[in-house]
Amino acid sequence: MTRLNRPRYAARLNAFKVKGGTVADMLAGAGRVGGLSAADLNYPDHFAAHDPVALSRLLTDQGLVLNGLAMRYYTEDGFRLGAFTHPDPDLRRAAIDLTRRGIDACAEMGGSQMTLWMGQDGFDYSFQADYGRMWDDTISALAEVADHNPAIDVAVEYKPNEPRAHALMPDMATTLLALAEVGRANTGVTLDFAHMLYAGEMPAKSAMLAARKSRILGLHLNDGYGKRDDGLIAGAVHPVQTVELLVALARIGYAGVIYFDTFPDHSGIDPVAESRANIRLTDRLIDLAARLAVDPALAAAQARQDAAAATTLVMAALLGA
Amino acid sequence: MTRLNRPRYAARLNAFKVKGGTVADMLAGAGRVGGLSAADLNYPDHFAAHDPVALSRLLTDQGLVLNGLAMRYYTEDGFRLGAFTHPDPDLRRAAIDLTRRGIDACAEMGGSQMTLWMGQDGFDYSFQADYGRMWDDTISALAEVADHNPAIDVAVEYKPNEPRAHALMPDMATTLLALAEVGRANTGVTLDFAHMLYAGEMPAKSAMLAARKSRILGLHLNDGYGKRDDGLIAGAVHPVQTVELLVALARIGYAGVIYFDTFPDHSGIDPVAESRANIRLTDRLIDLAARLAVDPALAAAQARQDAAAATTLVMAALLGA
Amino acid sequence: MTRLNRPRYAARLNAFKVKGGTVADMLAGAGRVGGLSAADLNYPDHFAAHDPVALSRLLTDQGLVLNGLAMRYYTEDGFRLGAFTHPDPDLRRAAIDLTRRGIDACAEMGGSQMTLWMGQDGFDYSFQADYGRMWDDTISALAEVADHNPAIDVAVEYKPNEPRAHALMPDMATTLLALAEVGRANTGVTLDFAHMLYAGEMPAKSAMLAARKSRILGLHLNDGYGKRDDGLIAGAVHPVQTVELLVALARIGYAGVIYFDTFPDHSGIDPVAESRANIRLTDRLIDLAARLAVDPALAAAQARQDAAAATTLVMAALLGA
Amino acid sequence: MTRLNRPRYAARLNAFKVKGGTVADMLAGAGRVGGLSAADLNYPDHFAAHDPVALSRLLTDQGLVLNGLAMRYYTEDGFRLGAFTHPDPDLRRAAIDLTRRGIDACAEMGGSQMTLWMGQDGFDYSFQADYGRMWDDTISALAEVADHNPAIDVAVEYKPNEPRAHALMPDMATTLLALAEVGRANTGVTLDFAHMLYAGEMPAKSAMLAARKSRILGLHLNDGYGKRDDGLIAGAVHPVQTVELLVALARIGYAGVIYFDTFPDHSGIDPVAESRANIRLTDRLIDLAARLAVDPALAAAQARQDAAAATTLVMAALLGA
């Protein structure tokens, strides 16, 4: 399979937040874009005003299918020092149980996937924490939430820094080591393009590792400058690295949703226009990836690691150069 | 002026170095590329085997005009701790006098510009040096070499790190502060794209500052990932930022040489093929810059800082998206 | 003057925020620390529940003097795209007028300084904005707010990134270029240690530039890993670079407040304990700086840029090594 | 075991290189330091002028024991595009066979360890190489060289960038994934402090992962600013992170050599004075680590992730604050 056929696109719903509104308003915003066909809901916050049944109906009303749920461990709920790694056993238990309820809500809505970004599970200072205990606490929590419902996939999304100075799960390979130790079939990773850049990775290379050592369960497209999680329009800064990732995913056979994890709301951009830019640019990059994935001259250049030939071929395809 | 018309291209001669060869062989290599019309020579090393008259003839033989000279302060000549900032007054004097002889050689060959990258002028440790004295030593040395021949422009090329952990002249604005203090009309800056990324700068913004506060005397195109001076093919990683810089330079009216400061020799790429890739890609990006520089819809989007509209327009031009 | 005598310490009041509380509760929290003698208030948010007269009394009640005010341009007030650089002239005017009212409030309370961190004045995308217009808009706004009350100093605090991908005023030298163009005597810079690291700067070197080209009006101590604005306890990661900065400031004669711009609230640390750690560690580093500032052996090592000797001396003083 | 007892120190021999000299002169330089008791030799370059028997005698003459050998794959030998990942099967075979000869030389000298830093095994461009093939080629080469002599340990030293823009083996976790796939008992990792910082890692955390998933075979101490491989005196920038690593290694029971992988030669520092500074500072940090490793108050603070308490304790120990 060398083509990402007719991808389903989703957008970050919070980008459509309006003052005083609920998740219904966010879904309506996503509906106005015109090219989105899936959505992720955050648990528990997107379930504050509507139960799963009502949320399913709201999704259907906007022509959206549920891609999955994503956990949020809010600092006001006590998770400032950590969720799965919180040093207080009661709060750690609360984080695990919250995740299990999130998985139940996902199943109730017919979803198949829970995404975990353990943003608070990290440390700020040397000597702040016992890294071995944090690791063990994470492994056992991941195993427990994976076992809670083997029919729901649990996807780990890594990010090197922010909000904590250092994350416990900062990069692809650490995540893969952890998932190997967890050893559950219903686990995998979510690729977030800007997080990969932030971690200093070449996204297509990380995708190779993920596909060999675990499962790629989700794909977040966005872009940035590699120094932080900028949340820019997909392909706006690194079109070549984005295409290379799309070629790798086509070869791997990734058939999941493409979720635009971008922050138009942070910089005052209209989220509908921004979503349309994401879709338009990604459509184009997917077309280019489909061509490059089967280009024998490119494969030959790669086989001899001939960067001048490969770059010339790729830039000719992209820019008509 | 909104167009970079018929730019003259130059390449880094050392990329064409062959074992046991001289600068004549490097010039022959550059001549084989077919699209290069200018060259920079390094002083003193490129003058080791040939005098200025012979070098001028070698250039002419390859159809190349002299763009200018670039100083090299080699550690084996004692400049490991610094050139203009060396704590030993005799070695500091030697660096200044070497630069003056380089300017003489430049003038003798009919060149108009000396580029100074003060690579050793920095520090590795806190408490290693008196920053104020380093600053004063740099200012007075720059003034002296600028005064040596007011007909020769002196261009400062900054770089944040490497070989020293910290450079005294790490970024555009520090360089502009220094040049303001030097106060000589025959001074200016050389823009190096990968150095700008390495310094965390947006190249087109730095060009704006340079044009307002000093003069842009040179342009080094190349590319990289912003974490170090990668020396990749121009536009290969950041085509959008490269086009934005070219638009800025077209508006400023920069009419100088485009020098490809790339390192095919570091990663085993054939330098002739690599130079051709630089030229082909830059030709295309210059065409795109010419179109975007006069696009009223883009100007309108920029006037309202509408990133979605601007990005859509730019990516449509670049990728046909 | 080679000693920072009896510094006045201030802490970030928002670190003491309690749910449902007002600035009075924050000031009470700061009062509990025991070693803080000054405070900065944010305008307008810290003035929401109390007028200047009431705030002055609250400060006095806690034994705190007002160090100054710091502007906050909130995104919910429309400043998401910028304050002094907002493309909408009405919103840009609103930002300037808000700043002028802040300066009035500062004067009314007997304060002498307004700190401006123009966090939203930046850009996320290439081609998003006209950098020259942003620069001009910033220069004229700074001049206008400086002229509003020449008795109040206006201090610019730079930061390279976040919340915008790129700040217009990212580093020391760009800030100094801007202040030179502003040309008002009641302007200067605020040094923020973690922002300097984030900008890739060596703090003591930036202090040298600031003292030569402008005025150092404020000092924010904190620490981090240089990849983002971590907000850690002062000296916790870079004690050597902090001491070097303190030596530089002692030589310059800086006699202002030391403000701990740290984020205990972001990572669940008790702010009172954290403030005490800031004070205890900074007291010690100031003592060490006082010794090192007059050490003739260190001065001699620096004069010859002898990093082995200088490092040995400094680490012996710090660690007893 | 909570103490790094009487460590053996080694220094980078090339720091003692003198013009026209051989490895004998380097060893004599190391001998002059006075506190070094071990040495690593580079293969093949340190074996150019002397055979293994002669080298063993030269080591003994200077009171040095052989710590091990480290491979160097020189670009002039054709390894510019890679060693174990070279696309040309003949050159890849040459790299493997050179390594096997190095292991033979190591065994002949009674050494027990070969260190592999695969500096050229990476890529500069997207689309330059097939990452999966590079991975497979690395795994099979590592297995072959490990199998060549099971009595000799093979230690992989990772580094994220430089000389290639991206290394195939950039960080701890990727290295551990590779070693798990290699599956040979005589393999492990070498920790290089500055490489860890360069990879964005917290060194003590990486040591925890290494000890759990593989074996720690070597320790390179040095320091830097995290943006590149600065090669500074151990502990000169990050004393706290260095002590934390030493505490972790004491708990793990690491009893190997501490090798100072620093670059005094790059910045004009006398290598003897610099080695003495390394030893003096590391001796002190090891003493501090021994105290902190058994401090119950620190262990209690870590158990509750109390960064204020932990930092106060640690800085009191280090600085007497």
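A, B, C and D are the chain letters, set down in written order, and residue numbers restart from 1 in every chain.
The definition used in the following text is that a residue touches a chain if its C-beta (ideal position, glycine included) is under 8 Å from a C-beta of that chain, and two chains touch if they have at least 3 such contacts.
Fair warning: this is a prediction, and the values are worked out from it, not measured in the lab.
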item: Chains touching both chain A and chain D; value: B, C
item: Chain whose Cα centroid lies at the greatest distance from that of chain A; value: B
item: Pair joined by more contacting C-beta pairs (A-B or A-C); value: A-B
item: Chain centre separation in whole Å, for chain C relative to chain A (CA means); value: 35
item: Inter-centroid spacing, chain B versus chain A (mean Cα positions, whole Å); value: 39
item: Residues of chain C touching at least two other chains; value: 81, 124-126, 161, 166, 200, 225, 227, 233, 236-237, 240-241, 267-268, 305-307, 311
item: Residues of chain D defined as touching chain B within the complex; value: 19, 75-76, 80-81, 124-126, 161-166, 224-225, 227-228, 230, 232-233, 236-237, 266-268
item: Residue numbers on chain A that touch chain B, as the complex places them; value: 200, 225-227, 233, 235-241, 264, 267-270, 273-274, 276-277, 280-281, 283-285, 288, 305-309, 311-312, 315, 318-321
item: Parts of chain C lying in touch with chain B, wherever the complex brings them together; value: 81-82, 87-88, 123-132, 135, 160-161, 166, 170-174, 176-177, 180, 199-202, 204-205, 208-209, 212-213, 240-241, 243-244, 247-248, 292, 298, 301-307, 310-311, 313-314
